[in-house]
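Two complexes, one shared chain (chain A), two partners (chain B, chain C).
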Partner chain A sequence: MSENLLPYVFVLFGLGLFCLLTQRNLIKLLVGLELLGKATTLAIVWSGVLRNTPDYAQSLALMVIAIEVMVVAIFLALINAFHQKSQNLDTDDLRRLKG
Partner chain B sequence: MSGELAGWLMLLLPYAGAALVPLLNFLSSRVVPYFAVLVGLASSVVAFFILGAPNTAGVSLNWLPGVLKTGLSLDVLSVVPALIATWIGFLVLIYSLGYMKGEENLSRYFSLTLLFIGSMVGMSMADNFLALFFFWEVMGVCSYALIGFFYKDPKAAAAGVKAFLTTKIGDVGLITAILVLYANTGTFAIGQNLEMAASLGAPILGIVSFGFIMGAVGKSAQLPLHVWLPDAMEAPTTISALIHAATMVNAGVYLLARVYPLLTQAPWSLMLVQWIGALTALLGSLLATFNFDLKRILAYSTISQLGYMVMAVGLGAVFASQFHLFSHAIFKALLFLGAGAVVHAIGTRDIRRMGGLKKVMPVVGVTFFVGALALMGFPMLNGFFSKDLILESALVDAAWGPLIVAGLAALLTAFYALRTTAAVFWGKARYKGHPHRTPWVMSSPLVLLALATFVSWLLIGPITAAWNAANLAAPELTIPELLLETFTAPAFFITLGVIFGGLLLFVYRKPIGKTVRERMPRLLRATSAGLGFDAVYGGFSRLVYAASGFVLGIWDEKVMEGINRVTGWCSLRLSEGSRALQTGDIHWNLLYIVLTLIILLGIVLW
Partner chain C sequence: MTYLTMAFLILFAVLAILLPSTLMSVLSLAAVSALLSIVFFQLGAPVAGVFELSVGAGLITVLAVLTISFIQARKVKKQIRTELWIVASFAAAALFFFIFNSLSPWVSPSSVPPVNWGAVGEVLWRLRAFDLLPQALVILSAVLGILVLLRPEKVETP
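And now, the complex of A and B:
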């Protein structure tokens, strides 16, 4: 593979970070978080190519994907619960998490 | 049928019966008692085949090649206890049909009884110390379960536990002896071990023989571990008869007789055995004299008679001890089954509330009296000949100390045997209500045993011949020789004098009793409390409990609690420190996630 994927990784990471910093909607925050996660996954796969251990890196990436699925499911469930309770998705209303 | 096959069957039939009884109980609980009696009958019939060849060499099987080879050793020493267990066990099973009628959980009762009998047979026939120990322990478990058979009565349950724990003290000694022997000779086989005994060093011999004595003392209820036997009277009377006559307590005496060649290598151990036996005989008869509970009197008398047997082993008269074991099994089973019939009929065990029962139950009265006479050692009954042999061997050995103690014990024995019979069957009626009639299933074993009391000593000829054939030292006696020897030996006059003394005591029992009550109230109180053995052991175990509780308290409160406090304090500090991270704003949480991802990215792309 002759192309360098590293710029794409940074582009994806930047997009996700931008999304997280600017948005207040919970769903959009989740999308931003997922973009970050995908950037990391891509980075893992690319590192496998760079170090010539593609099978190791790819199995790691698969693991990350599987874990992300669970994270998304839980996150969505929490968002759903929050929405049912307060009828909106604004993070400014979400200030009572302090333990 | 060959002797070997008969031996295997005698062992396996009761075991198979014990396993089948619970299964049969699913089909019909009514047939269970009859099935158990049938198993008992089968093994007693089989037992006759072994009688023809009491010295078959036996057979050993390789259970674990190179490690454990065990089987049956059939010589007359091992066959006689097995025959006693089988035959007395059979009579007890018949008697149980009447005695246990209408009780609950009869399948448990009969299954355990068969297991008990089978284990005694296995114990005596084992040619290997490991197998012997196995059967020995199975017997311990059976005794625990059967003594506590009426487990809803807390006294019975406690008695079962007490019997189990007290005998366990002896068992520790036994297993130590067996393992020390194995470590030094490399085999568990009894015969080889006894042959190699002479080559062991004195310290090892000391440990081993002390261990064997400990085991026998626990199982045969000798001083100082006799305390479990009187309490075991909470068992159904049939089980008391079985324990006293056929199975449990004979095991210890048998073990001593079996390892006698080893004990002779350490002469002090024979001395110890003599004195344990003699003192136990005296203690048992003394406590029996001052007791009012019919079954406890018999229990103490068993302790005392076992003392004679143990003393005989210590005197080197192994044959006399085994002969007395044989006689004792018969007359003690008779006495116990008679006592059971009385208890069954009037529902109390206190002899002060009996009396005059010979009119109501003549068969029981007559047979009980025969048993009591045999216990006293009245001439021409089996107890006379065997006890006489023991006293004579003490006389021949010039063991004056044990002889005097045992003579005193015999005097008291003659007295309490008469007193008990008189209190229960003679005189005025002091019981309330109408006694039940004795059913024939209960009276027929009594009659059989009473007859055996008269004739069992006639077997002396074949028994001594078999002993000599098996190279066990025994006097070769035929019946005329026995008669001649017993009636002319000085021991005969001891026996006679002792019986006469007992009679005198009995005749003057009222003035003597009055004097004892007035002059020696302390003696009365001490004997009714069993001379304080129970109090001492109870106090000791309470002390151990308290001490271990104290140590455990320190460990728990200081050490474990301290660890708890330190870890609790650490986690509290940690969580209070990390509390600041929880702002409650979701953006901060997202920032942590992003930071983590950046770190991950850094690691990956490094």
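And now, the complex of A and C:
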């Protein structure tokens, strides 16, 4: 496989990081978290292709995706619970939960 | 071909971040997942591709859209006609078909690496049996956490 996907992995990871650092909406933060996970999954699969161990890489990718779903489900449940308390999705209101 | 798919993937990732509507943002993320699964197929990892397509583009999108519909009130002040959405969807699908079909001469069946479907299961259940159980416990504890988070609040009666 001659394609070099490393720049794309870094761009995707950077986009996820940018989203996490700049956005204040909780759903947008979830999108950023997902982009980080997708960049990681792509890096795992691509490294398996490079090292000619695609089966092992795919088994790792499956586990990463499964854990990713659980993270998303917990995040959405937290969003739901937070919205019931504050009626919005702004992370600035989360500061009231400190202490 | 992989580069083109990755370019579309990056485009939809940027859209997912920049679009003001959270629903459109989540749908763009679903497009990112679908394109990522295409990349996995092109890299010779179809098991990961199928999983990403069904879970990433399917389950996560459904969960996110359901949550958004639960927590956000529907706005009816600016409603776009349904016919326009149908025409736009067909136009987008035709554009994607044209782009990928025009690039198909560069992709031959011999360029796709052979895949051993059973080998992934072999690695997962034999080689990685040690960490599979703890990860299953992590998922179980996450399920319990979600149940705790979503339980209805007790109403105290005076």
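Definition applied: the second predicted complex is superposed on the first by the 95 of 99 C-alpha atoms of A that agree within 3 Å, B and C clash if a C-alpha of one lies under 4 Å from a C-alpha of the other, contacts with A are read in each partner's own complex, and residues count from 1 in each chain.
Throughout what follows, a residue touches a chain if its C-beta (ideal position, glycine included) is under 8 Å from a C-beta of that chain, and two chains touch if they have at least 3 such contacts.
Remember, predicted model here, so these are calculated numbers, not experimental data.
Once both complexes are superposed on chain A, the partners chain B and chain C fit side by side without clashing.
In the superposition on chain A, A:A43 makes contact with chain B only, while chain C stays out of contact range. Of the two partner chains placed around the shared chain by superposition, chain B is the only one that A:L33 touches, whereas chain C remains out of contact.
Which of chain B and chain C touches more residues of chain A is settled by the count: it is C. By the touch criterion defined above, A:T91 reaches chain B but does not reach chain C. Using the contact criterion defined above for the overlaid structures, shared-chain residue A:L12 touches chain C, although it does not reach chain B. Remark: least CA distance from chain B to chain C after fitting both complexes onto chain A is 16 Å. Common to the chain B and chain C contact sets on chain A are residues 46. The touching residues of chain C, when paired with chain A in their complex, are 2-3, 6, 9-10, 13-14, 16-17, 22, 25-26, 29, 32-33, 36, 39-40, 43-45, 47-48, 51-52, 55-56, 59-60, 63-64, 67-68, 70-71, 113, 115-116, 119-120, 122-124, 127-128, 132, 135, 138-139, 142-143, 145-146, 149-150.
Of all residues in chain A, only 1, 3, 5, 8, 11-12, 15-16, 18-19, 23, 25, 27-28, 30-32, 34-35, 38, 41-42, 45-46, 48-49, 54-59, 61-63, 65-74, 76-81, 83, 89 touch chain C in the complex they form. For chain A in complex with chain B, the touching residues are 6, 9, 13, 17, 20, 26, 29, 33, 36-37, 39-40, 43-44, 46-47, 91, 94-99. Listed in rising order, the residues of chain B touching chain A in the complex are 579, 582-587, 589-590, 593-594, 597, 600-601, 604-605.
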